[in-house]
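Each of the next two complexes has subunit A plus one more chain, namely subunit B in the first and subunit C in the second.
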Partner chain A sequence: MADETTPVAVAPAPTPAAAAKPAEKAKIEAPAYRELPFIPALQPGSMKDSRPYVANEKIQEALGFNTKLDDDWQVTHDVAIAKMGELLGQSRALKVFMDSCVHCGACTDKCHYFLGTADPKNMPVARQELMRSVYRRYFTLPGKLFPSLVGAKDLTKEVLDDWYTYFWQCSQCRRCSLYCPYGIDTAEVTMAAHSILDSAGYGEKYSNEIIGKVHRIGNNLGLPGPALINTLEGVEEDVLEDTGVAVKYPLDVHGAEVLLVTPSADFFAEPHIESLIGYGKVFHAAGISWTLSSKASEAGNFGMFIGNYEQLRKIALRVREAALELGVKRIVVGECGHAWRVAYSFWNTLVGIGAGANDPFAIQLQKQLDPNYRQPSHICEVTWDLIQQGRLKFDKSANDHRIITFHDSCNVARASRMGDMPGGQFEIPRNIIKAVANHYVEMAPDTIREKTFCCGGGGGVLTDELLDLRLKGALPRMQAIKQVADHDSVNFVAMICAICKAQFTKVLPYYGFKMGMAGGVHQLVSTAIVLKNEQ
Partner chain B sequence: MSLFFALLFYAATLILVGGVAYKVYDYARTPAPLCIPTTPAPTTTGGVVLRMFREVAFFESLFKANLWIWALGWLFHVSLALVLLRHLRYFTEPVNFIIAFIQPFGMYAGFAMAAGLAGLWARRFLVERIRYISTPSDHLMLALLLGIAVTGLLMKFVMHTDIVAVKTFFLGLMVFEVNPLPSQPGLYLHLGMVALLMIIFPVSKLLHAPGVFFSPTRNQVDNPRETRHLAPWAAKFETKN
Partner chain C sequence: MASIEVNGKSYETDEEGYLVNLTEWNEDVGKYLAQTESVEMTDQHWEVINFLRDYYNEFQIAPAVRVLTKAIGKKLGADKGTSQYLYELFPYGPAKQACKIAGLPKPTGCV
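Entry: the complex of A and B
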């Protein structure tokens, strides 16, 4: 069983914080499996010590946030409450969500972190209540008059510490929002909390450091241009050796038809890079000219995780600039869950990548992009369209050693779409898998599609000091995988998210699975696709 | 006492209508800066209207979440709606035939409403997770609603009230006349609690009623690639480039 599993070699997951404190928690183990569905008995305070490292002054300063909590608590208090008021005025969601909750309890057993940790503050309603109690105290009449009656609380240092602890135990996966009768989305509350914490000088090191790197170097992993060129040349050599076909992985090519924006983990991490190889093969086989960009060498946008619209926009702006500079006709996004949410749902609003705009800023780019294609497109949409047009050939038997299941990534499943029909984000990746492989199995119905369980590593918690949380949060997903592994001998979990891939690679061994069990949908495409030298 | 209740109901009505109107205005004026429907979501406005209807009329999301909460909650809300409709007979003369028709159903709904509330309240004691998240005001809210239901049923079945006089009182209020209210403790209690409920409505979790219509995860169309959703406060960033 999982308890006896020795942690195997650690994968090169893109967790910069890992370098700071290696092997600090060597004894972290996966929780024991339980039968699905399960609802644990409460263990108050069981996760009160799980906190990510706090960003240092340099990291905070680079993003224009307060560098640290003020020595005078009143100052920090006032900054935080002022920021909260500002956000309430900017976001209808936050305002409505603060007022609407009736404590019905529908969400209480829906969060993977609650199911895995049993800490009651990981129940979505209780997590929201951390903020709602402060909201009531400062922004509602009953909270000002009768605080204890309505559960209103002053913002104290202890309360803000609780925020930092538990709002960094939410992966913004939105599973609770699916079940809430008022559509209250804890992700929105968590983002607001992160934003308030940042303003107060209480930022998370992992996310804020990464955002700093995007601005300084161009991607989350801090790979400079020359390193990218090296990597891509290496990939070209490997593919030539494997297939005998000269597939190109171009960078900064002006006039290419497609700009591919992909998570930077795709450039070097396993199994991510296998999908990058797959994208290139698809473009090669279809004869579509494409390019990567050194300026926009990152699809990920951690501005969403910290709930900061300006950062969200500033990071997305790189993609707009790269598209304008390179003169591309189409923008395609690689396998990354939250990046697809930002691209699909937010890019049009943030930087005018989309359609239907009537303002000069957005029209400038929208004139350039080809309206015959969805802008932006997901790489899975591109591949599936090509498959339907008969432009790709596959040898499905090449994947016969794999019995495959598909893990729906939360941001794709519950915060975006693919294709023209609602739910296309579920059908299109599955259709691709079935087109390139013979053995496909679904996990339990309550754990897939919009009911999917988070991998446990999303939302800015993919850092080594939170490994305990990540292992426990992965429990529901691992349980579902174990069912199909035991019953159907599933040995490959396909997914379309860089964070999921890194998290699975790290977590699977603790649960007694092989690290290589996790991989991308385009890894499967890459295995089966039939290439010709002459296009 | 009649004058007291007359003033109380004028004040309560003013607070309820004014308070909820202000809240609705406040929700409506606050922009939703990003497109955040919980997907899969409808891609047309018609689809969203349908989704909202299923949500409001049948509590679709709650049904998916938890059958017990759904059953008790839906029973309570539907019963409450029937009971409220039944009470329209105190405010209209002549009484609309539909209101006349539902009178017996509204009566049974009184029991169903009390049963639903009792069940919801029981969950706050019996289920560990819900006990953990319950605040004193959650209990008081249920006590208040249950109190209204029980005093109403008592007046119907145990200690009758001169409902003709009650009707005269409320019809009078609507034309700014204060007619005598029957002096009966049950009625005083019932009306007092109703007025209290009206007063706390705009500052309590009862705001879920208007709130659900403004929830962006439910009321937005899934069309971000086709339409640009730009909040006024966010548009200012573009003038900087």
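Entry: the complex of A and C
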């Protein structure tokens, strides 16, 4: 239980002295606060040694990738260039993104990693140039004939090392894309780079190990069925003890109306589990039968982070299989940023959750799902619809010890939507918070909604060996939080993403805040919702 | 692969210093791993480590933080059943740091 959960009088703005700083072996510290907006003085090469662990042969083999870089560089070179050609052939968009950048620099100071690290290769334009220069050399006529005139580069081991280093310093948050006058989707470039690296046998341990676990065990954490049952039983006991109401957290119930697919961190970590408790209370209060699935015990889909369509689909298929087996009428996604992007934007054509795919199982599923609901729905859409229908009751004063702000998660904000109006993904979570709590404050306008700053841990960089990068990348967001903490005594940052929750919990103490300051929107719902037994 | 040496015996670890073969674990290895994490082991630390190992043996995964805090609270009193108490024992986080000392694999994912 996060220490934030104990109701106390409104806490004063935290000071660095008040918060315990985690002890580190190699001392890693947060950079000094800087007033936004700012442009850092360049520190070339300052992040050249920041690299995640490389996936070992076993991890690579399980996903069908080359297991390691070949001893003969020419072999690796040819594999990488062939993969690049394949991706360019599949995606017209990628080719346009390679061709259309004019190096105007509008993206440079929009990236949280550049702002936090000052390494010029973390300017989005420079990061992408690592790939564009190779693209020009092998896939354009001027680059083939006169490479030095057009800044075209051979793919050498050093270049590929640079790719590994700097394409794993991008969280695919797409804030830079928002400001690009050509609309270049920079995350697509990073994804393509990850995909090429994987093919070459140069995969990232963190992401690829996790994807292997999803296939082997069913979720990113590697929670087997019995552990899920044990955890859910414990949650039922706790909620009964806290509220006197027997709220159920069902697993693998055939014939339930709703299948809830949520990140496995919701079963394991703090504060994530507080939101899981909230989802269950919402379904209980509304009298909706629901179930979790041991097969689809993961909403997250790291196939997106590594830019791999096959993995994206294979991971998503687990949700379809579970939905067909359980006979559910609705599929609802829990608080997970990139999962909602995958669910909202890709599930339809990938596996038939929503219209699009037309294989027999997709058609069967589309017939099974209730067309009166958005398929899939976000848990925030479900809760907000119920609030509007008057089916949920709240005691808002239960959240009075909290002064709340909302952190928009990148993949929800810039790559998906909620509800049936533009900007629903911004309004609906805020509407829920305002319906369950009395004190709400916005952060600075340039740091919220579509302009939101990444937490610093998305896109497959939420791993301990990248803590230095994560701390530096969190700087703009922490600066915005500090403003509202100092000015408005904000003491709770609400969010709807498992990665954001884990990242904030880790980095907040380095910036002088309590880790319990971060929590879920449904954690707030859970605190305020009024439950009855006879439902 | 990396390795550590305890009492003249070599133990294989991964890049991050987690024990590869958890059946090789013994208290001395635990003490050694605690040293690498700058954690000074007390009886309170061992309570947590032993619970983690028992839970892992039954469920093949470390317990959720909530399950851990509850179990410790039952055993040592409600004031100890908080994540704050666990963070005091294991400053880098009870899940990852305590798992490492207990010789268990690192919890992965969005944690």
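Just a few scattered comments:
One rule holds in what follows: the second predicted complex is superposed on the first by the 503 of 535 C-alpha atoms of A that agree within 3 Å, B and C clash if a C-alpha of one lies under 4 Å from a C-alpha of the other, contacts with A are read in each partner's own complex, and residues count from 1 in each chain.
Everything below uses one rule, namely that a contact is a pair of C-beta atoms (placed from the backbone, for glycine too) under 8 Å apart; a residue touches a chain by one contact, two chains touch by 3 or more.
Treat the numbers as computed from the prediction; the structure is a model and nothing was measured.
After superposition on subunit A, the partners subunit B and subunit C are seen to fit next to each other with no clash. Judged by the touch definition given at the top, the superposed model places A:345 against subunit B, while subunit C stays out of reach.
Set against each other, subunit B and subunit C differ in how many residues of subunit A they touch, and the higher count belongs to B.
Contacts of A:33 after superposition on the shared chain: neither subunit B nor subunit C is touched. With both structures placed on the common chain, the touch criterion links A:222 to subunit C but leaves subunit B unconnected. By the touch criterion defined above, A:309 reaches subunit B but does not reach subunit C. Of the two partner chains placed by the overlay, neither subunit B nor subunit C lies in contact with A:373. With both structures placed on the common chain, the touch criterion links A:181 to subunit B but leaves subunit C unconnected. Measuring from the middle, so to speak, at the Cα centre of subunit A, the directions to subunit B and subunit C differ by 150 degrees in steps of 10. With the two structures overlaid on their shared chain A, subunit B and subunit C come no closer than 24 Å at the level of C-alpha atoms. Those residues of subunit B lying in contact with subunit A across their complex are 23, 26-27, 30-36, 38-43, 47, 55, 59, 61-62, 64-66, 69, 73, 123, 127-130, 132-138, 140, 200, 203-205, 207-208, 211-212, 214-218, 222, 224-231, 233-235, 237-238, 241. The touching residues of subunit A, when paired with subunit C in their complex, are 1-3, 20, 22-25, 53, 205-206, 209-210, 213, 219-224, 226-227, 230-231, 234-235, 238, 263-265, 267-270, 272-273, 300, 336, 462, 464-465, 498-499, 501-502, 506, 515. Remark: subunit C residues 15-16, 36-38, 58-61, 63-67, 69-70, 81-84, 87, 91-93, 95-96, 105, 107-111 touch subunit A in the complex.
The part of subunit A that touches subunit B in the complex is made up of residues 39, 41-42, 44, 88-93, 95-97, 99-110, 120, 123, 125-126, 129, 140-142, 148-151, 174, 177-185, 188, 309-310, 313, 317, 344-346, 348-349, 352, 354-357, 359, 361-362, 374-376, 413-417, 420-423, 425-426, 450.
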